[in-house]
Amino acid sequence: MALIAAEHLDVRHGRTQVLHDVSVRIDGGEIVTLVGPNGSGKSTLLRCLIGAQRPTKGRILKAAGLRIGYVPQKLHIDPTLPLTVRRFLDLPTRVGTAEAEAALDEAGAGHVMGRQMADLSGGQFQRVLLARAILSRPDILMLDEPTQGLDQPGSAAFYQSLEEIRARLGCAILMVSHDLHVVMSASDRVVCLNGHVCCEGHPAMVSAAPAYRELFGTGTRGALALYRHDHDHADHAAHHHHHHGEEA
Amino acid sequence: MLLDSFLMRAALAGVGVALAAGLLGCFVVWRRMAYFGDATAHASILGIALSLAFGTPVTLGILLVAGAMALLVFALTERGHAVDTALGVLAHGALGVGLFAVALTPGPRVNLEAFLFGDVLTVGRGDLALIWGGAAVVAFLVWRNWPLLLTSTLSPDLARAGGMDPSRGTLLLSLLLAGVVAVAIQVVGALLVTALLIIPAAAARTLARTPEGMALAACGIGVLASLGGLGLAVAADSGVGPATVTVAAGAFAILTAARRVRQG
Amino acid sequence: EVPTVLADTAPVHSLVAMVMGDLGEPAMIVPPGTSPHDASLSPSEAQALTEAELIVWTGDAFLPWLGESLASLAPQAEVLGLLDSPGWEPLPAMADEDHGHEHDHDHGGAEIDPHAWLDPAVAAAWTASIADALAALDPDNAETYRANADAASQRLTVLGQDLASRLAPHAGVSVAVGHNAYRYLERASGLGSSRAIAHADGAGPAPSDVTTLREAVLAGEVRCLLVDAETDPSWAETLGEGAQLRTATVDPDGVNLAPGADLYPTLVENIGQALETCLAP
Amino acid sequence: MLLDSFLMRAALAGVGVALAAGLLGCFVVWRRMAYFGDATAHASILGIALSLAFGTPVTLGILLVAGAMALLVFALTERGHAVDTALGVLAHGALGVGLFAVALTPGPRVNLEAFLFGDVLTVGRGDLALIWGGAAVVAFLVWRNWPLLLTSTLSPDLARAGGMDPSRGTLLLSLLLAGVVAVAIQVVGALLVTALLIIPAAAARTLARTPEGMALAACGIGVLASLGGLGLAVAADSGVGPATVTVAAGAFAILTAARRVRQG
Amino acid sequence: MALIAAEHLDVRHGRTQVLHDVSVRIDGGEIVTLVGPNGSGKSTLLRCLIGAQRPTKGRILKAAGLRIGYVPQKLHIDPTLPLTVRRFLDLPTRVGTAEAEAALDEAGAGHVMGRQMADLSGGQFQRVLLARAILSRPDILMLDEPTQGLDQPGSAAFYQSLEEIRARLGCAILMVSHDLHVVMSASDRVVCLNGHVCCEGHPAMVSAAPAYRELFGTGTRGALALYRHDHDHADHAAHHHHHHGEEA
């Protein structure tokens, strides 16, 4: 049974068509990763799913009483609102202190419990966001670039704990990530987005698909290891000019 | 026969207003709505003008126009205008349009502000009931909707993901504020209400580590300012409104000097 | 026993003081000059309201907010609203023009222009009403009150005659005023209808009002501008540019005079003198 | 003999104020300082009270207190207070303390507001020189410091990295605003200045794609509102201030309705 | 000659000691990377260097007239300020349109030139920030997690172009990064920070240092490849509890 599904979504901002005829569905207990180049509409799709962005066309179907744990890509907390990390974890629903401590510890941010949210470092903030999303006992976790700003042990630990979180909470996970080589193996299903759904399916299938290779090149595993080689500028610029279908 | 004394009634009225204003004032500070009190006061003038033109009761006119202003602020901020700018536009727009409309209607010209301002020393028993009843309603609604109000203040997206409707929170807050300001202006005066809305909450920010702490501190500082202001007014034999504001501003100055905000 | 008496404005206070004479001294509630914005009662004023036995005030049409204070703070007191008292001839509020400081808009019957104290004849009639009210509360001294009121009435009548004769050479001449507060003064002095710059609604004058006034000034029909506490003195320049326009500074509320029985006569004399100088050829 | 006509002078004064206010108004909107005009007007009352008490010229008192307020706002925001809150606190604090101080000083109570508010129809040649001179100074200083003002509005950190001192930008802006409002209030009235500061800039936001575009549009809308307001006042036989605000608010309403802000 | 140097910096926020006796110096033309766990004070150090954060003790020495190109970790642009990408590139100093276009193209964001800054996606925003920093013709580039939010081709291209940027602009580069395996090879020098300077020097030296290994474990290259292995939770939590010296 689908927990949440988007059907034939169109989203436009003025003249810019951001999403075109996008349909996705997430079933209970699935780990689905959304990949796609910058500006391909991944965050927009997530915001449509939680109801924060109204699509121009199409509709969103949600299971009744669906609890969503959401980690946004950007969150600006105004320092005029005094808010300790502990209190932030209580929003919107209160959680026990033991539970909150455990979740923070698990996210590697146990020692910031008493700090103000506005004072946290980038990585500490991200860890608290992750802890909060999990604490809400969601039916589905929606994570927009969950490892941004995390240090390397932190993001390794995050990906390692994904399955454990799913097992413990029994929830589905929909995440956006640019760590292609990792998520390809950590997810049950990959949706490759570029304004429209380019390809979708089992990770192995997707990484073999021509549309995917056109977007990301072939050597995904080694992509970041290409350092210190002399290269021709025009050559690497070609990597990221694939933005088809963005302007209407 | 406590309520027989006008000082006692003034004290009770001040405390009641301080409690409602302290609670709502925190949201005013968090959401950058400091202009709300003045905007409502200005809109009230338009309300009076309209009531006079149509022969309806003045209080009704004020409430309706203040409510309409709250809805307009809501609509403008939903469309992406910064809330302080929207309030500024509406404050001046309401005043300008109100005065312009008055000039166009026939009949004797009146100074509209004369209708507007109460004085806390003249509060009667009925007013006290109104204030405390209103404060109780505000406290109840804020308490019931606390997670919604807080989460949608923090981030509308997080509120939506949590299954709440942040627009509902914004709307509720705007209407509560408009109601409180519109009523209290007529009972205790504009200066007292708008000042008690902002100054105690701003002073409380220097003390608080959590939203609840700030709300409590704002109520506490407001109550102290009300009672202290009354005491100061008695001692100096001056108006209660200015004395109360003086005490509140003093508390703000001391707390700010004592402690940098960010070290909270 | 002499009752505790409160008066609202300085001119009214002066009239009450005349009537009470040596028997006692009235207190004043509203410090002159304050606008309702900043006016708030001080505790001692509120206390005075709760203790007063007689309150003499102009009326709801002049100070609506004081009406509310009377209801809540002075339910025990006798209240004499002078605008509602008998024995004098009120002027109706001007339909199109304004009134000034803080006047109510009376929804019921005819609306009265509230600046009635500026006519000494009205003031004389008011002293009789004040004496009646005092006599009712303090029958033992009724005779004294009535006698004082008669004396005051005579003094005021003379004052009015002086004013009229002093301004007789300018009968029918119009002056410019900040807002329409001087119609009773015109009645008393024989001056023509004054020309007001501003409406009372806080909106400022319309350009056409200024144009008309300027034309009158340029044509020599208006030679004097009365400037009071609510009138921006820079109007003198705007209206008078290229013409002969004198200004007279007046204090119709008695803000700058020492309170007491002599305040009112001084107030009227000062206005008369200012007008005379201003209108002199 | 163009300048002979008070209408012509009113038009020139309105345009001058609209230009200075349009430029500064954009920063008011971007920095959430919508309350600045009202705060300065209220502070002016304190300035008048102090001048009367010490027997100094009123204009000097107003300028000094407005300047002090600008410095205080600056200090409070540097300490982390939200600027709209700081302005709200100061607006009410200045008014409350001012009225309290007036009550304590002996002598007849005066209607302070009568000192405060000019009318654009009374503008003389000297006033015109003051307004246009002031507008020229504002335009020159804003133009010279445009990158500083803009970058420090956008992000103080980016300004610092670019070798600028964002505090200097904030201070300059606060002082310019205080000066313009304090002077213009006395010449053309509080309603006109505070409204021309906010409404044209807010309306311009719906049109603009760049900061410069918004500044130009704000000046343009302000000038249109000034001239249109004067025309409306002549046509409808009403006060110029309310008519101008009505035109500006109308422009804002039309532009907002015509176009959602974010689609800019 | 040092372009910029920090000497014995202490930074405290209330009771929290963030930096303790930190000294670093950057010479002309160097590529230096700052690594360290979340909350270790990397961003604070950068903000001290640009002058945005006043240290409690110590001092900053700058070469006269030093031009800094800065990419902050977080930047919130208020949508009330209308600002196209093109106009943003002109801040604080104007640049030619051809130059601006070239820089944007190079950063893979050529097509967003006319957009509003507030409308950009996370990765597009980051690309524009990078383009702007380079356009200011800096003597030193200070980049706080420059690849956050970039898609994989984007961050690969960024690291590949580092040397080329240095060669073209003749500038030094000081950057913060969590992509340990990449930066270790892309930098001339690595400074490992954890409240104090743990170790510092040639990448090979640092990655062999015990202090570094204590912070990040041994297998840096493979850290992110540890997916889909069953693991004991207590085990990976140990990765990121090393925060010594943070509370005073």
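For reference, chains read A, B, C, D and E in written order, and residue numbers begin at 1 within each chain.
In this text, a contact is a pair of C-beta atoms (placed from the backbone, for glycine too) under 8 Å apart; a residue touches a chain by one contact, two chains touch by 3 or more.
Nothing here was measured: the structure is a model prediction, and the numbers come from that model.
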Q.
Keeping to the contact definition above, tell me which chains border both chain C and chain E.
A. B, D
Q | Farthest-lying chain, centroid of Cα atoms versus that of chain B | A | E
**Q.** Interface with more contacting C-beta pairs, comparing B-E to D-E
**A.** D-E
**Q.** Chain separated most widely from chain D, comparing mean CA positions
**A.** A
(Q) From the mean C-alpha coordinate of chain A to that of chain B, what's the distance rounded to whole Å? (A) 41
Q) Just how far, in Å, is the C-alpha centre of chain C from the one of chain B? A) 36
Q. At which residue positions does chain D touch at least two other chains?
A. 29, 32, 80-82, 85, 99, 103, 205, 236-239, 241-242, 261-262
Q. What are the residues of chain E that contact at least two other chains?
A. 13, 76, 78-80, 119
**Q.** In chain C, residues with contacts to at least two other chains
**A.** 35, 37-38, 42, 199, 203, 206
Q | Contacting chain pairs - touch in the sense defined above | A | A-B, A-D, A-E, B-C, B-D, B-E, C-D, D-E
**Q.** Residue ranges of chain D in contact with chain C within the complex
**A.** 4, 6-7, 10, 45, 99, 102-103, 108-114, 117-124, 189, 230, 233-234, 236-242
Q: Sort out for me which residues of chain B touch chain A in the complex.
A: 29-30, 32, 147-148, 150-151, 153-164, 205, 208-214, 261-262, 264
Q.
Please output the residues of chain C touching chain B within their complex, sorted ascending.
A. 35-44, 46-47, 50, 63-65, 68-69, 71-73, 93-105, 107, 111, 199-203, 206
Q | Residues of chain C defined as touching chain D within the complex | A | 31-35, 37-38, 42, 199, 203-211, 214, 229-232, 234-235, 237-238, 241-242, 255-256
Q | chain E residues within the chain B interface of the complex | A | 13-14, 78-80
